[in-house]
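The first chain written gets the first letter, and so on, giving A, B, C, D, E and F; residue counts start at 1 in each chain.
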Amino acid sequence: MSKPEKLIADGVRLDGRKPDELRPIKIKVGVLNRADGSCYFEFGGNKVIAAVYGPREVHPRHMQKSTSAVVRYRYNMASFSVEERKRPGPDRRSIEVSKVSREALEPVIFQEYFPRSAIDIFVEILQADAGTRTAGINAASIALADAGIPMKSLVSSCAVGKIDDTLVLDLNKDEDNYGQADMPIAMTPEGNITLLQMDGHLSRDEFREALEMAKKGCTAIYEMQKSALMEKYSSQIEGDNNE
Amino acid sequence: MSKPEKLIADGVRLDGRKPDELRPIKIKVGVLNRADGSCYFEFGGNKVIAAVYGPREVHPRHMQKSTSAVVRYRYNMASFSVEERKRPGPDRRSIEVSKVSREALEPVIFQEYFPRSAIDIFVEILQADAGTRTAGINAASIALADAGIPMKSLVSSCAVGKIDDTLVLDLNKDEDNYGQADMPIAMTPEGNITLLQMDGHLSRDEFREALEMAKKGCTAIYEMQKSALMEKYSSQIEGDNNE
Amino acid sequence: MSKPEKLIADGVRLDGRKPDELRPIKIKVGVLNRADGSCYFEFGGNKVIAAVYGPREVHPRHMQKSTSAVVRYRYNMASFSVEERKRPGPDRRSIEVSKVSREALEPVIFQEYFPRSAIDIFVEILQADAGTRTAGINAASIALADAGIPMKSLVSSCAVGKIDDTLVLDLNKDEDNYGQADMPIAMTPEGNITLLQMDGHLSRDEFREALEMAKKGCTAIYEMQKSALMEKYSSQIEGDNNE
Amino acid sequence: MSNEVISELRKDYIYNLMIKGEREDGRAFNQYREITIDTNVIDKAEGSARVKLGDTHVVVGVKIQPGTPFPDTPDQGVIITNLELIPLASPVFEAGPPREDAIELARVTDRGVRESGALDLSKLCITPGEKVWMVFIDVHVLDDGGNIMDASALGAIAALMTAKLPASRFGLGDDSVVPLRDVPVSVTAVEIGGSIMLDPSMDEESIAGTKLTVTSNQAGELSAMQKSGVHPLTTEQINYIVDIAIEKAKEIREKFLVI
Amino acid sequence: MSNEVISELRKDYIYNLMIKGEREDGRAFNQYREITIDTNVIDKAEGSARVKLGDTHVVVGVKIQPGTPFPDTPDQGVIITNLELIPLASPVFEAGPPREDAIELARVTDRGVRESGALDLSKLCITPGEKVWMVFIDVHVLDDGGNIMDASALGAIAALMTAKLPASRFGLGDDSVVPLRDVPVSVTAVEIGGSIMLDPSMDEESIAGTKLTVTSNQAGELSAMQKSGVHPLTTEQINYIVDIAIEKAKEIREKFLVI
Amino acid sequence: MSNEVISELRKDYIYNLMIKGEREDGRAFNQYREITIDTNVIDKAEGSARVKLGDTHVVVGVKIQPGTPFPDTPDQGVIITNLELIPLASPVFEAGPPREDAIELARVTDRGVRESGALDLSKLCITPGEKVWMVFIDVHVLDDGGNIMDASALGAIAALMTAKLPASRFGLGDDSVVPLRDVPVSVTAVEIGGSIMLDPSMDEESIAGTKLTVTSNQAGELSAMQKSGVHPLTTEQINYIVDIAIEKAKEIREKFLVI
């Protein structure tokens, strides 16, 4: 798509959303057999899957920490997830995204419970449509819970951007391509910010407003994450009762 | 060479061979000084050299097996072995060829005699003319014997292909390029198949016929392998007697 | 610059030097805070910085030597050090230069004093103008002394080349590009040659003459290296007295 | 590959069942696990398929872009098949460049498509010697429950069957379907203690001495074969596998891969 | 990264000072160390700067060469930013491909230049779709005394401010200055035990729970931000850092980066 | 490199022999081992040679293909020399990217050919600035019996002497011989305990403190030199080696490399 004349008109975005509206979200918990925990997360056009293994042994051993678990995070885009085929394997962008995503989740994991262990988080982007890192963090957070990793809380993530001088929640691909700013954050339910990146152009006041908007988005996502986990948990209880 | 009109006419192939005829084979045992065992093998236009080192220590140590030797096989084409210069180093094809070649030889090696050890097989293709993997396995089998590695038997290898709707033994490069199917196998003298690959187009009946033809080829090669080893062995005996 | 008609006329080179004249040299000792020893060395248009760390632990451990220190040398050109931007990271040339430079310095280091340790020498070429390896060795030699590594002596290095059939000391970039031979050497104050490379075209007699000219160049550089170290040392003494 | 993840006890259990003619999940020796194929699951790909084969789960995406032909086949399109055993899919997979297992799986998947002539490469030429369609078949393994091989091959052909040449996006006319002319199906058998079983589960795969993959086409003829693993096979075993593989491929094709 | 090189005792010392509102070198919490910027230090580069920020020492070289534009921006120049943490600069840096720390530093430096619109990329086009200027910003870290981030960003913009398009060398007309239209400045704060400090020294950086880098432009507006490190920040902390970062950037710009 | 494969006892033995003026194989200090050179041993290569130098065995293949010249030498052909120390050739060689020993051997082999002007690069130009002949010299070491350096250099020049420009295969006219105008020969000496010996065996090489390779041309003048190893040499030792190397090169050239 080439640059449209307007990305937002009369308070309605090209995909029909209001400025502070998230894209549709679909969550499935425990979708993989081999992983200790897993989650499939659709976030608008993003389709991501997260798997968690651990706590388990650390290889190579020199990466062990004597007083806590090592948390590792691998964000990876499938070759076919984007318009132009992506070469397989990590690139500089995915290495940076993996780093900040790991740091977004580490604060809520009780790492000190598992010295000399690894908690491995793998996030695969099967389809990308702007916001893959936030979708990945949301999925990973649920997968960690599904794996039974002790956590202080979940982490929820979404972005705020600016299009046509208007702040909007959760940019889609076209808005990201032709917008003026993009700011992904991740947050605990208590409002602590565990990820914050921004690029583009925001005034000081716009930034403050954007941060509040993003926090509201995260709160909404948090409720959906909780529901998805509760649903799985209660269906298990039911299953147990039926036996 | 561009595609010839006919690859076989009146039962005679372009290089003058009959359908079930192997290309000329030349074998020299023990051609290298440093290796524990070695063999130079010419198979038509293929010139390959195999070396065996071992049993010896395993590096890196985590590759050790506690109850048997590790067998490793490195198939490598010299840059100058082919028409278009090949970039040095392993590519995906050579990694696959190394794997199936190793699996073609492992069944005859008494690996359990040498726990925590490595038996390293190196095959260098100095000149390639279709059938390099079969030439390599034939050479490696002799080099293993030359290195004194205890073996249940030798392994012999050749391919059958289909050209102009006719099954023929041991394709050369032009037949491979313009033929309809290629099927390399490796076999023990008892007729056990240790390598089987096929691509192209064969009916079920053609396949059965091809397999029998290939087995006959392997049997013929086995005799040549045996002779080459006997010759070296007896010349050593003579040498010993002359001392 | 395209090839000039003459590189030397009436015994004067294009940059105004006489045949046996070195380019201006500027030395600063101890320019880095983190390194154990360091030296900034300007040699004509060359700007290089050397750092020494050690003796320190060896990683990976299998590189340890039980009876002496391991000396490692990493020669690296900054991407912006040359006319055409260089891709970051080691290439074949820099690996060879690192090897011969290390061998130029190893003979003067008392490696046996520090078994199981590493002495790491890092040389960064910030700007290159022919003669970077000799500049690097001169800098590294001082950085080793600055780090307090016990040494039999310093090592000094420069090149002799041939332009317009005349032997000249210390080629600059244009002389190197359009000259007939280049011969870098490194030498201890006692006249022992620890590095010798040559390419181009020299008769046997020219070679002998070149070697003598290079040795004189090294002797002159040695004096400058000593002064730079003395100056730093005496300023430290002064500093100590002032306290 | 995954020898370490199965205990000796479990091996004995499966082995003893097998001697009694049984499998851990109650299947007959020549029976496949449940197969589910969903296509067009990735909008960004020109073709895609999600295959579940028992506990095994793969997603195959086909990307198609213009590119330069190989010098020796200037008028033919290019197929490039890639398969990754990403660490998300199994505790024994590791990050890093593909290892020999992944490379073998990719290459056998590739040969199944290529050697069956499923893709008419000459119809993928745009300008001879200059520009042809490059067909990238990327297999993403999400869950390793055994027999990734057959799941990958199924996913590859299913994704191709729904794939489009994105001509309009590159200003090369109207989009069109990918020129398919055959539907190869790979069937993998394992040999365990002399018995032959189709579609091995992860546990069966890990105790099998050898695997044989047989890819056959619509005409019931062979397009590709690959023996993998150290245990030899007899001629009889091979002929037996070829026979049932061709039949089973027909069944699968008719049930799941109707054009 | 460098947790291991600072002893527990030293950590306690810095931490205790901090509680008393002091820093090891006597600075105020919002005070930078001494800054020295020398430009044109590398003749072979089209632009260059040496930045000393306290004990931290970086050299930034800008190389500019003609190259091919990206397909999706055929009429825009290309910026490529690289940063290496070479082992010369610190006992904890290792040779080898850049690790995540170096990549993050390079990418944040890059975004500071790029997102502020400092470089007018459309003026770096030579022939649309064919040839544009490639601007390589290479950051060479020589001494790690903490806060490499801000030193790199300072070096990048200072080097660009003195850089020339080497048109004559490539037969493309006369040399000209690089088309700059803004002067972004990055300011990094760390959070240690609830306190916020600017321009962390190496020791402060190694005990900080988290860093926040804020890049702002001449208009005092935000161009890029990056939180780095595992400790969360509150909204209040973030807003406070943004406020002082914009002020501090203005100060630094006016003192050191006058066009 | 191969220090570990020679026992202390063996070192002492060789050392003691040396003191008595003897070598383990009875050679004089300035004597080479038996040399055998066979050319045209690889039909697929444009030129090739197998060299046996005592127990050392290398095969050199020369491949020649059209390619793009370097921007700074638009009218000159390109030489690319590669050497691999493959693990087949010695228990101490390892698979993987070439290490410093292999790179040094390749580069010294390359300089011998290049700096002697043996190849007239201007005659390897096809279309200035666009297309030139690329001459790939690939040295394959099959057996390391010491002094790979001289065997490689011999193989390189012998292979070039028999090489053809494959013009017809690329539609560039008739094939022709490679434009050779000199025959450089490398001679390597080692210093062991103050004594100088030519053509070191593997054992001699492994106990030598240093090696000096001297490449000289038909006129008896120097084209390339390389000292390798940590032991210093005196001016006298160097001058002595240069003298005997030039003589020995002449002998070898006349005996084995007649055009």
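Rule of thumb we're sticking to: contacts are C-beta pairs under 8 Å (C-beta built on N, C-alpha and C of every residue); 3 or more make two chains touch, one makes a residue touch a chain.
The model shown is predicted, which means the values in this text are computed figures rather than measured ones.
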How many links in the shortest chain of touching chains run from subunit B to subunit E?
-> 3
Taking each chain's centre as the mean of its CA atoms, the one lying farthest from the centre of subunit F is chain A
Could you figure out which pair among B-D, A-E or C-E mirrors the B-F interface, over half of its contact pairs being identical by residue number?
-> C-E
Inter-centroid spacing, subunit C versus subunit B (mean Cα positions, whole Å) | 52
Interchain centroid distance [CA atoms averaged], subunit E/subunit F, Å | 48
Please compute the C-alpha centroid of subunit C, do the same for subunit F, then give the distance between them in whole Å.
-> 27
Between subunit A and subunit F, what is the gap in Å from one C-alpha centre to the other?
-> 58
Subunit A touches at least 2 other chains through residues none
Residues of subunit D that touch two or more other chains sit at none
Around the ring from subunit A, first stepping to subunit D: the sequence of chains is A, D, B, F, C, E
Over in the complex, which subunit C residues touch subunit E? Could you list them?
-> 32-35, 45, 47, 49, 51, 53, 56, 74, 76, 78-85, 88-89, 120, 122-124, 126-128
Quick one: in the complex, what on subunit C touches subunit F?
-> 84, 92-93, 95-96, 98-100, 103, 106-107, 183, 188, 191-204, 207-208, 211-212, 215
Which of the residues in subunit D come into contact with subunit A in the complex?
-> 42-45, 48, 55, 57, 59, 61-63, 65, 82, 84, 86-91, 95, 97, 136, 138, 140, 142-145
Per the touch rule, the subunit F residues reaching subunit C in their complex are 71, 98, 100, 103-104, 106-107, 111, 114-117, 212, 217, 220-235, 238-239, 242-243, 246
